[in-house]
Amino acid sequence: MSEFAKPEEYGLADLLCSAASREVGDNEIVFAGTGLPMVAIMLAQNTHAPNLKLIFEAGTLDGRPPELPTSVGDARCEMGASRASGLYDAFSIAQRGYVDLGFLGGAEVDQYGNVNTTCIGDYLNPELRLTGSGGNPDINSFARRTVFIMVHEKRRFVENVSYITSPGWRVKKWPGGDIVPRQQLYGSAYRGGPSAVISTAGVFRFDEESGLMYLDTCHPGKTPSEIRDLCQFDLDISRVKGETAVPTREELRIIHEVLDPDEIFIPKVKKG
Amino acid sequence: MSTDKRITLQQAAEIIKDGSSLTFSGFTIWRRPMAIVFELIRQHRKHLHLIEVNGGSHTEFLAGAGCLDIWESCWVGHELYGKYGANISRKVADKQIIVEDYSHAEMMFRFAAAASGAPYAVTQTSLGTDIHNPEYDMLGRAGLRDGKRIAKHKYQFTEDPFFGAGSQVLIPAAKVDIAVLCVQQVGEEGTVRVNGQYYSDPEVARAADITIVMAEEIVPEEYLRRNADQNTIVSFEVNHILECPFGAHPTGMFGRYDVDGAFLKDFYGRTRTQEGFDEFANEWIHGQNHLNYLEKLGFQRMLKLKANSAMNYSPREKKGGK
Amino acid sequence: MSTDKRITLQQAAEIIKDGSSLTFSGFTIWRRPMAIVFELIRQHRKHLHLIEVNGGSHTEFLAGAGCLDIWESCWVGHELYGKYGANISRKVADKQIIVEDYSHAEMMFRFAAAASGAPYAVTQTSLGTDIHNPEYDMLGRAGLRDGKRIAKHKYQFTEDPFFGAGSQVLIPAAKVDIAVLCVQQVGEEGTVRVNGQYYSDPEVARAADITIVMAEEIVPEEYLRRNADQNTIVSFEVNHILECPFGAHPTGMFGRYDVDGAFLKDFYGRTRTQEGFDEFANEWIHGQNHLNYLEKLGFQRMLKLKANSAMNYSPREKKGGK
Amino acid sequence: MSEFAKPEEYGLADLLCSAASREVGDNEIVFAGTGLPMVAIMLAQNTHAPNLKLIFEAGTLDGRPPELPTSVGDARCEMGASRASGLYDAFSIAQRGYVDLGFLGGAEVDQYGNVNTTCIGDYLNPELRLTGSGGNPDINSFARRTVFIMVHEKRRFVENVSYITSPGWRVKKWPGGDIVPRQQLYGSAYRGGPSAVISTAGVFRFDEESGLMYLDTCHPGKTPSEIRDLCQFDLDISRVKGETAVPTREELRIIHEVLDPDEIFIPKVKKG
């Protein structure tokens, strides 16, 4: 492994991308969304996980794009792929249980890893309608692990999300809406759930028993109590392992020279 | 030999009546039948019920122009060229459009059920989310669930009786009057060959009662039939066809042209307000036809978007720039 | 780069254990993995549970050889070369094989459900027939419906709650241990390209826990990946691959060779009795390997069956003669 | 139309094939099984119904085979087809309601058009296990009309078939097995049912109200009462329209020179 970069050599997006890529194991089947998740996965593919299999929601299976696609519908996804088909295929494969890991984003997250990408405020009288679910709940329902990449702001790490778009470790059982453990509701489709949230402040994981979020590592320069203060719920900071590992120089080279030279998703750090 | 299926762009839009339910080919900002969408706006179509696996720039155009009463889907935005659907968002806040939310896989399975003639699909996706919150059944709240084209229920829960797999959510088939597709090639008798990802095109074509196919080129039917295993949609599933080069612009088409990111960024930036949308529509849609529109875009722009035949995308397109 | 997926014919058969449930590629007398079927017979495999969309000559070989305990399907025969499945018929009368009958569409939908990870499918086919007669639930009668691999019920009835479409029959997903496919091309990493009709191959490959692909040729993976939209089955859905030219004989393969009608007629004519079957198996299967088998068939016969590249079938083959 | 053939110029199989082909309208979507049905449909395609669309169960859609396929899985099916795919496609198209007409066969038929292709004798202790259902019940469930082509023997035209493989106009409502009108059971999937049985003795149709079979036309040389005696149930012979139209010389030419020159399915009549 090449040397770790110095603080002035990388930006926050580089750090997130590197941290996210380390969640991927070799040979895993990974479902990738547009943007930073896509860069993170392709970084893993170009470093420690050369045999990972990439699925793009629009219908590209085991894709090996030579350059970064702009979205999962992009023609760039299909270069070198095993099969290019459609969404029925992609979601059937996911529901069938092939997917090891999904990378997702969100506007709000709660302490159980429930994520909102639908609206801010009351659903029936929304302050702001967002993009909607997309495949977020689907990938999160079916993958063994999911990793969320999020901007860390206090208004985003909340007690209760405005709308549960994507299921965490404690979910609502309808019609009553009682909160129940995810496994109880999913039955034999249960395979796992959110395994990490990588925010701009730190890396968070979930307690297996309680389903509650805890702080795993702080990004360089942040302290556990600072990060706790950036959450509306009472974040468990008792299990912090230390600092998030920073990107290596080789990772930075791949991100900026190979994957995203045009800075579509990840800006370069201005040197000097 | 067969009845002629060719129609004009104007006729295509006329098939879609005020109050029709409809759906489209493509995925977010790829292979959307924009030329027909623009024509619908020119013809001031109203009260449309748009049911689609996912939305995109075309949804935003229709929403901004006031064509939509109902939008059933899961996502809208312009990908990296505009992070959410500002027109849908504005009209939802103003209660001018009813939005019915499903998950992406649910929308896909709803169309797959309709395409195979089943009244509903069985899935375990999105259990425990607010997508299944009975308070958020918006078509039900509006009293529109008549059990005819709009199902009596948004969803139903049941238990798997066969393997004890647990909770299942049943979701109604997506019944839709008209599907409008935008593809690379269609034959004179309606056979469609899609190159690259076909997204949900085969299912939406079969789910709809009437299917209109707009293609970059109409090719001899016999050419496509030489390799039947490479075709995507069957002749008799297609009712009407038309040729319209660059008909997907500003969205992209595998093997033909890239997404016009700068155009979408401009649209996204300028249409947060109704006034902004109206101005944009006056500039690019009203008083134009497809050929004027292409002239206005100009050769330089279109040549930059043109896909390289070996790569199927444009190595010149800078993805909308910074 | 990836782990090597190549195995031998003998190893392919060894993956299928006594008592396994399994299924195959192909349609009646087309693209059946006969070389592996013969190897299973050589290895004296027992107690197999064969679940297939439809049966054919391979079913008859396995039944005759005593490999099968259970056959779940809808049809068996040799098309015009033998009008019914005499070995299945004999073993059913003797109660040596349990037959569970579904309709053809039901079998297809059962595999489609399994392939998409759903526990069951919803359909309106075959309502009112004896296929749904509760007395004729043969796996239930045998006490085998444990709800694990074999569903607790053969079917269930319900009403459509969404559109008032009426009675629906729910049919359980076809859960199966191993799928064995016989195709034209497989890449080194497992990508499959089927030419011509793909029958139910994509669904059975995805429904099974382990998928073995026997191909006429193993081709460079990179060759198939140049045109991802022409491929049929994804690399990671395939666990093992092997190359076996003429591996489908006496069944046919689109673009490669026709059905050997004379061989099937001979088989059908000689295997009405167990003695006849045993004699046929001693002549063609036991003590042979695939190469001996081809030598025994001889060049003249195989050249006659060889498909014309432009037509994808053999213009020389007289369809088994009169 | 060319002249009708003389009695010595055609055989029974020719007559059946010609009669069956006349059930097809132009522009109809037709689901064809292997054997005589396939010849009949291709005869229609080559005469009065050039724009019919042919579906083969194995997955060939709008096929135009230049020579007779040996079965629906045959590579010959796919020449000139609009799309070659698989059974999921074919059956989905059928269930979706595209199919106007299906051609089928059977071993036994009852007075309501229920057909058996599964077994002779008690299902639990069969005298003879036949091929099984294949797509017979599926095509018959979903098509607007179905035509059965059968050998006419008294043991085949029965009061009750050993096993209802394919649904007629009165079917069994499970779990009780009460006999109910087909339309009642099929709900919105109801589109029609058996419209004709073409046997080696005559052409039979069904009364819309009662769902009962009646004799429509007798093949040349047969009388209504002879035909009634060939049925175990009480066949209605009160509505006989006359003789079944015989093949034309042009039809015979197409059958024997174009479609089946090798006499795979239809033998030539020995002249002189």
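Just so it is clear, A, B, C and D label the chains in written order, and each chain counts residues from 1 on its own.
As a convention for this text, contacts are C-beta pairs under 8 Å (C-beta built on N, C-alpha and C of every residue); 3 or more make two chains touch, one makes a residue touch a chain.
Everything numeric here is computed off the predicted structure, so don't read it as measured data.
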Between subunit B and subunit C, which partner chains are common?
A, D
Specify the chain most distant from subunit D by Cα centroid.
A
Return the chain pair with more inter-chain C-beta contacts, choosing between B-D and A-B.
A-B
Find the geometric centre of each of subunit A and subunit D from their Cα atoms only, then give the gap between the two centres in Å, rounded to an integer.
57
Mean-CA-position distance for subunit D and subunit B (Å)
41
Where subunit C and subunit D are represented by their mean Cα positions, the distance between them in whole Å:
27
Listed in rising order, subunit A residues that touch 2 or more other chains are 60, 78, 84-85, 88, 91, 94-95, 142, 188-189
Residues of subunit C engaged with two or more neighbouring chains:
117-119, 123-124, 160, 163-165, 196-198, 229
Of all possible chain pairs, which ones touch?
A-B, A-C, B-C, B-D, C-D
Using the touch definition up top, name the residues of subunit C that touch subunit A in the complex.
1-2, 115-119, 187, 189-191, 206, 222, 224-225, 228-229, 231-237
Where on subunit A does subunit B make contact in their complex?
34-35, 57-60, 70-79, 84-88, 91, 94-95, 114, 118, 123-124, 126-138, 141-142, 163-167, 171-175, 177, 180, 182, 185-190, 262-265
Which of the residues in subunit B end up touching subunit A in this complex?
26-30, 53-55, 73-77, 79-80, 83-85, 88-89, 92-93, 99, 101-106, 108-109, 112, 123-136, 157, 160, 163-167, 196-203, 252, 254-255, 258-259, 261, 307, 311-313, 318-320, 322
Where on subunit C is subunit B touching in the complex?
113, 117-124, 147-148, 151-153, 156, 160-165, 168, 170, 172-173, 175, 194-198, 229-230
Residues of subunit D touching subunit B in their complex?
29, 50-51, 53, 60-64, 78, 80-85, 88, 91-98, 142, 188-189
